[in-house]
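Chain naming follows the written order as A, B, C and D, and within any one chain the residues start at number 1.
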Amino acid sequence: MLDIQLLEKGFSPGKALGLFAKAHPEAGGIASFVGKVRMDEGVKALELTHYEPLTLPGMHALAEEAQARWNLDGLLIWHRVGVMRPQAPIVLVSAAARHRRDAFQAADFTMDHLKSDAWFWKRERRADGWHWIEPREQDHDDLARWR
Amino acid sequence: MLDIQLLEKGFSPGKALGLFAKAHPEAGGIASFVGKVRMDEGVKALELTHYEPLTLPGMHALAEEAQARWNLDGLLIWHRVGVMRPQAPIVLVSAAARHRRDAFQAADFTMDHLKSDAWFWKRERRADGWHWIEPREQDHDDLARWR
Amino acid sequence: MAVTLIFLGRLADLAGMPEREIDSPLDWGTLVEELEGELGEALEGEKVKVAVNGKLLADKRILAASDGDEVALLPPVSGG
Amino acid sequence: MAVTLIFLGRLADLAGMPEREIDSPLDWGTLVEELEGELGEALEGEKVKVAVNGKLLADKRILAASDGDEVALLPPVSGG
């Protein structure tokens, strides 16, 4: 079962994970990742822009690729868009599978792709205004692991 | 911050993760794994035996090794002991870190070691009685990745 | 007779707006010419991609948009 | 004058009990002799480890337990 959402408002990762686990009683393991806006000094807000005609289909395609590569019972991908404060959750990925490695790999793969190969544009507001953020070199390296 | 527990009673992974996230506002990411008793056909219950004088110190040593290998803000390891029903959570691992890869690696590493290199003995009750479970070959391979 | 341009990421800053209309029909040469200055230059960058009605073009230089089409101009992404 | 033996995992099945007392002092030879039959044989298996008062022995054959000690007999683990 896929649960793919672009969210305009805040959400509770703990609650979402609880419901996802309940929806997959057959899964032996669930691997999850929650990404939050970091409290980097001087960052007052983060804005994520998307282009829904590409962003949402892209998330579905990503989920389908993960399902094709690993034996999953379910995959959840929730991603915030809009303006967020430090500590707000940005992204939640959760993979339910019979076996532990499949769940871990699928969650890891999905996060790497969301981070630098999905249609999101990110900027930070600092004291002197907004600044666009580019993926770090590390993000590209992370992605290359799956090719 | 380490949160290492051996639990005699059931617990709610969603709730535990929510509290763990709240306790680590500085972490940019939290990677988690929940392992549950699988609903394999014919399995009526699972029992995990431990030997506390070794099991608990072993879990602390494991957590310290993970902290030494990766840059973590916090690590939670909760493990059930006693008799459990299918679908009950057995283990929860959660790693909070500034960077995503550290969180994923630490959670993955900790799970692999809990699975086949920690002081737990597991048996299943089937229609014809109790059966001891050995780690699968795959579990040993998983562990070898970290050496 | 118009095409809607959608500017994403830093292209919206350069354009000074998130979207605008432009006369149709529209090909790549005309688009770059119309969006002169820094914005036009930025569009020529090889990392900028183009989607028409939600479908990514393999090569933006084959752009051929007509009345009612939505053309999205997409700089390199950055998410997570 | 006694040592407490703790049987873990399948060793508890073979012993028919989770723990018992045995006379001290106790060395490895005496222990295997006392726990005869299938249990004694199982203990000799190289994967069975021994802890005294919560400290794992590098080599179980150096066991030297005295009155009040707790000796845990540990078959291969399996968790998760």
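Just so it is clear, a contact is a pair of C-beta atoms (placed from the backbone, for glycine too) under 8 Å apart; a residue touches a chain by one contact, two chains touch by 3 or more.
This structure is a prediction, so every number in the text was calculated from the model and none was measured.
Shared contact partners of subunit A and subunit C are absent. Centre to centre, using the average C-alpha position, subunit B and subunit C are separated by 50 Å.
Per-chain Cα centroids separate subunit A from subunit B by 23 Å. Remark: subunit C and subunit D have CA centroids separated by 75 Å (rounded to whole angstrom). Residue positions of subunit B touching 2 or more other chains, listed in rising order: 35, 100, 111, 115. Listed for subunit C are residues 80, each touching two or more other chains. Chain pairs recorded as touching, per the definition above, are A-B, A-C, B-D. Subunit D meets subunit B in the complex at residues 6, 8-10, 12-13, 51, 53-54, 56, 70, 72, 74-80.
Subunit B contributes residues 35, 48-49, 51, 53-54, 57, 79, 90-91, 111, 114-123, 132-135, 139 to its touches with subunit D in the complex. Across the complex, subunit B is touched by residues 12-15, 17-19, 21, 25-36, 38-39, 87, 98-101, 103-104, 107-108, 111, 115, 138, 142 of subunit A.
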